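In the two complexes that follow, chain A is the common piece, with chain B as its partner first and chain C second.
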Partner chain A sequence: MNHGPLIFLAAFFALAGSWFSFVLTPQVQVGRLDQTNTVPAGATYPVSRPGLAREGLDVYRANGCAYCHSQQVGQTGVTCDVLLTAVGTNQPALLTALLKVKPALTDAEARRFLAELPKPVLEHVTKEAADAAAKALNSTGGKAQVWIVPMGPDIARGWGLRRSVAEDFLFDYPLMLGSQRIGPDLANAGVRLPDPKWHLLHLYAPRTQVKGSMMPPYRFLFEKRRIERVPSADALVLPPELAPESGFEVVPKPEAKALVGYLTSLRADAPLFDAPLTVAEAAVESSTNSVAGSVTNSASGTNAPVK
Partner chain B sequence: MSLPSTQIPTIAAADLPEPRAGRRPVPVWLILLLFLLLYWAMVYFDQRSGWFDQNVYIPFTSIQEVAKFQPVLSGADELILRGKQLYSANCAVCHMENGIGNPANGCPPLDGSEWVLAPGPARIIRIVSKGLQGPIEVKGTVYNTGTMLAIGDAMPGDEKQKSESIAAIISYVRKTFGKNASAVTPEQVLKVREEIKDHSGYFTPDLLKGVPETP
Partner chain C sequence: MSTEQTTPAGVPGSPSPGPGIAGIPNSEIDASCRMPLFVMFVSAAIWLIIASVFGLISSIKFHSPGFLADIAQLTYGRVRPVFVNALIYGFGLQAGLGVSLWLVARLGRTTLAGPVFVTFGASLWNLGLTIGTLAILAGESTGFEYLEIPFYAALLIFLGYLLIGICGVLTLQQRRERPLFVSQWFILTAVFWFPWIYSTANLLLVKYPVRGVTQAVIAWWYADNLLWVWLALVGLAAIFYFIPKLLKRELHSHYLALFAFWMLILFAGWGGIAVSAPVPAWMPTFSMIGTVLTVIPLLAVALNVQRTLAGNYSKVRSEPALLFIAFGAGAFIVAGFMKVCGLVLDFNQELRFTWFMPARDLLNSYGFFAMVMFGAIYRIFPQLTGFEFPFPRFVRAHFWLAAAGVFLSVLPLAIGGVVQTLELQNANIPFMDIVKSTLPVLRVSTIGDLLLLAGHLLFLGNAAGLLVRFSRARAMSAYAEMTADLFKTAGAKP
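And then the complex of A and B:
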């Protein structure tokens, strides 16, 4: 072996190169990530999970949920919709503009269209086309908005409104990203299925809630016990073939409650700068209110970053 | 010497010297291929990396593109939103996020307060600009102990920027706690602030009552 130093150097640079690009670069990129604000509402995002949900993360991890469920929504593109919300004062001009923006409409159809507002004028167009159309409609006194609409197979499946970004996982350790999708993605499980009762039944007997589900039942997270005086408020309402004999009830153990707390806390749908998205104004209001409330409760309301 | 070497090859091999790598030049096509790869990588990096910005994710390829797709609000909504943020940062400590105030500390409520509901903003602009001291009657109760600081004067920026911040706060407060009372424009605030620029110290309710509600 007469090229020992050369081989050493080659191996060294190969390893140093991968360390540089897979350890150092991500650290520089997102290592100091901090809470951010939603756009445009300016609410603090993310807020840390409540205690029960944080415990549920450990249950999620211990039971290997991440082997079959991912928590990352992909996005392949972004498009724009133009939404017309109000006619304004100059209906004839708006009608002309609408016919110009949507040449396929007949005059009568356009009149009917204006009677059914708010309604999308254009869907899934480029930003430039949407801006131009909104400008044309707004110049007549109508009220048109450009909506940012993320696209992709995951979003089409209803697994989320936008892609997952690093901020979504800011308070989670370890990250339960998952790589297999034997079950559906859970990044927005709390948005899609906000009912804790549904989750408890689903954990106890998946096929009662999802037909043909291949998820194994997690009955060891539940306890069958004799009813003492009054039945528990937590007892599962089971179909007859699964119900325990009379005088007994099935109640979730603390682990099951924690896990359900975690699952219902999975909401990665806030509009952020790095994952732009338009949400309905009512949703903006309610999300800012709820977040503002919870921040005040944790006595850090004044420290909320303001952009 | 008596045994043929083919019968015990291991010993014969052990006697051979250690093989040495020669110096054959790297083929030209390989060097060309590597340069081609490097060029492709550079082009790919330039077009798609977003320069490793933490805010650039697929499908976006640059920070400019991300900025292009930010949702925009109409001007009025933006003023209210900005006011909400400023309110949370500056006012909510005493008046609370939901505007109920903190009567235990002598801090009056804003929610439904006649000072907020007033037909014109002349008095509330003065309060927010210079602060308030002294017993003030709100919704039939007298609040005495608190002193409101000159939040408006403490806003960052020049007079124009201060006026914008004050207008945002007051617009938000009047919309949210004043049952959709009219918004306030930065110009209105600027005009009132021009009138009171020589006023030193806090306003008192008695002083304010001498000011017409609509400017």
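And then the complex of A and C:
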């Protein structure tokens, strides 16, 4: 009674099945993924990171940033907003349509509403409702747009404008999606926190930038040196209790600059066919940021959801 | 099948060999295992100390982020992977291989094949791991979790494993007791499983890296197979051998154990891909199905262990090795259910980013696997040397320290993880408040880490003490042998 070969074959086929499903098939399906286009702009996406950011990825890897920071955004669903951008030629008709779409408004409120365009008419509704409302408003000559807004706690925190998809990670090696959120997600760090100076100070002394931060300081990425002739333009502007003695300055080493280059290159805001999203170009132009674009200039990473 | 049921299925490795089997005496088998297993068990115990020191450092960093922060080599993102690698590869796999070899030799009533090669393989393993951990501290990590060790060191680890594994298979091949006990099924599969997953992961992630998100998929697949298949196979092999053996009664059901084996190898290797992972949707779906189906082997193991233990709980309490192993069996079930429930109940996909996951993994790799290995080693080590442990009280103390340490590390982290999940789902709660709310939990788990470290010191102390006893006795007998001649000649003179 020799079961040795049977056990060997069992193990072989069991593992081969698992290998086929989770190594070979993924490689065939997504391992050869090509660049795609943003929708509707049609820009090539993703483009590989600039050289400094690629060096920064190496610093990110070496220091194990991924043990505390994830880089993947989840979303629970999609809703639609209807944005009215222009009155058009037939204001009374638009007013009637607006009152029909938004029955809660009084006549006076509706008039004031039209004076403050562009402004969202409906928020967080289904695609069908949004399309119907936009159609009703557009038929009067007004200009209404339907906005696609991904939903979910991650998105409400500003960690990304939409969920992460396979295309986002085409050129990154090693890919560090992370498994913990001991610190905030960084998938959208470059959009959330675009200022390199903020990042440098945050790396040197996290608590000066984020109150109560538990991130360890990364002072080994900086050097303290004597000021020669003129102070360096890179020198950190530190609060008095952290500032070096006079005649000295703290400057970032190349690693710190590269890391910051990488962090500011992280974005999760490209609208793709897989992950539709309306980007807030119009809203930015008209300097209102009340709709989907509202997270772009938040620097806290903890911002409350847009209501 | 009938012979199978009568001889090996009952009491594993029973002292009286079956009819017509010329078994090799246990003392001879143990002597053949002695050298390689010394090397493996003592190295494992040392790696355990290294792991708990690094675990403690990384744990302290949550109370004072400034702790050792200015030394690049000791930043959290380097200390944490060293902790995990030392625990899993240094202790877990090494002790697991040692225990497996002994089980295969004992159950097959044959001497260990190629003990010199096993010793050499274990040395390669430890060399690779040493180079690997130093490389991680120097910032050379590959960036993939559970696979941080760079390629050049991974190669040594792989070769070391191959040497040990081949000797294990040869030992199985030359067994005198032909029918296989269920533990041998588990071990043979485990021996074969690791080289495949390890070479796949290292080749496709490090040497000839694949592109994009496939990297993440392969890394998840590897980690899942390592932690939930390999560890489970070897741990269960030890559970199914030692529980009946120490109770001196039969395993409740041989067939139920084989059923668990089939279900485990079929489904447990599918898991690991979370619902919200940025991959095509069929992968998480497959993963979910596989993970849910692992409930079947979990229940089969639970039933088998419970039925075998039933009515013998007083014996469990009186035998420390059995205490460790029974605890491990319980932790295996709980960790498995944590995995299934965690995946199924994670509606808004935040749980997988919280402390619940490290708690679950610690319960699996430590509460289950390490505890079973402690029990097995406490049982095997004295038999290898022919001596009892110098500090028998330490064994029991180690158990209570380890059990308390596991509770204090796992329970708060798991609860904290659930709280963290609920908070992460509510975007009105600022992120920094969530961080603050996890701090008390982390403090308690640091106490757990300290208890574990204390237990490990007792373990190492006992192992080292036993080695000293053994080598002193050896030296004494060698001295007696040498001086016997001297005295003889001296005595012959007058």
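In this text, the second predicted complex is superposed on the first by the 267 of 307 C-alpha atoms of A that agree within 3 Å, B and C clash if a C-alpha of one lies under 4 Å from a C-alpha of the other, contacts with A are read in each partner's own complex, and residues count from 1 in each chain.
In this text, contacts are C-beta pairs under 8 Å (C-beta built on N, C-alpha and C of every residue); 3 or more make two chains touch, one makes a residue touch a chain.
Source: prediction; values computed, not measured.
Contact with neither chain B nor chain C is seen for A:Val230 once the two complexes are overlaid on the shared chain. When the two complexes are overlaid on their common chain A, residue A:His3 makes contact with chain B and with chain C alike.
In the superposed model, A:Ala115 lies in contact with neither chain B nor chain C.
Touch criterion met: A:Leu277 reaches chain B, while chain C stays clear of it. After overlaying the two complexes on the shared chain, residue contacts for A:Thr76 are found with chain B and with chain C alike.
In the superposition on chain A, A:Gln29 contacts both chain B and chain C. Of the two partner chains, chain C is the only one that A:Tyr218 touches; chain B does not reach it. Touched residues of chain A, counted separately for chain B and chain C, are more numerous for C.
In the superposed model, A:Val165 lies in contact with both chain B and chain C.
By the document's definition of touching, of the two partners only chain C reaches A:Met176; chain B does not. The intersection of chain A residues touching chain B with those touching chain C, taken from the two complexes, comprises 1-3, 29-30, 33, 76, 152, 163, 165-166, 301-302, 304. Across the complex, chain A meets chain B through its residues 1-3, 25, 28-30, 33, 39-42, 75-78, 127, 146-148, 152, 163, 165-166, 271, 273-278, 281, 288, 292-293, 296, 301-302, 304, 306-307.
Touching chain A in their complex are the following residues of chain B: 18, 20-21, 52-60, 66, 68-73, 77-78, 81-82, 84-86, 88-89, 92-93, 96-97. Those residues of chain C lying in contact with chain A across their complex are 1, 3-4, 61-62, 65-67, 69-72, 75-78, 80-81, 139-145, 172-173, 178-180, 185, 188-189, 192-193, 196-197, 200, 204-205, 209-218, 220-221, 225, 262, 265-266, 269-270, 272-273, 276-280, 283, 286-287, 348-350, 352-354, 357-358, 424-428, 430-432, 435-436, 438-439. Taken together, the chain A residues at the contact with chain C in this complex read 1-4, 7-8, 10-12, 14-15, 17-19, 21-23, 26-27, 29-33, 61-68, 70, 72, 74, 76, 152-153, 156-157, 163-184, 206, 210-220, 300-302, 304-305.
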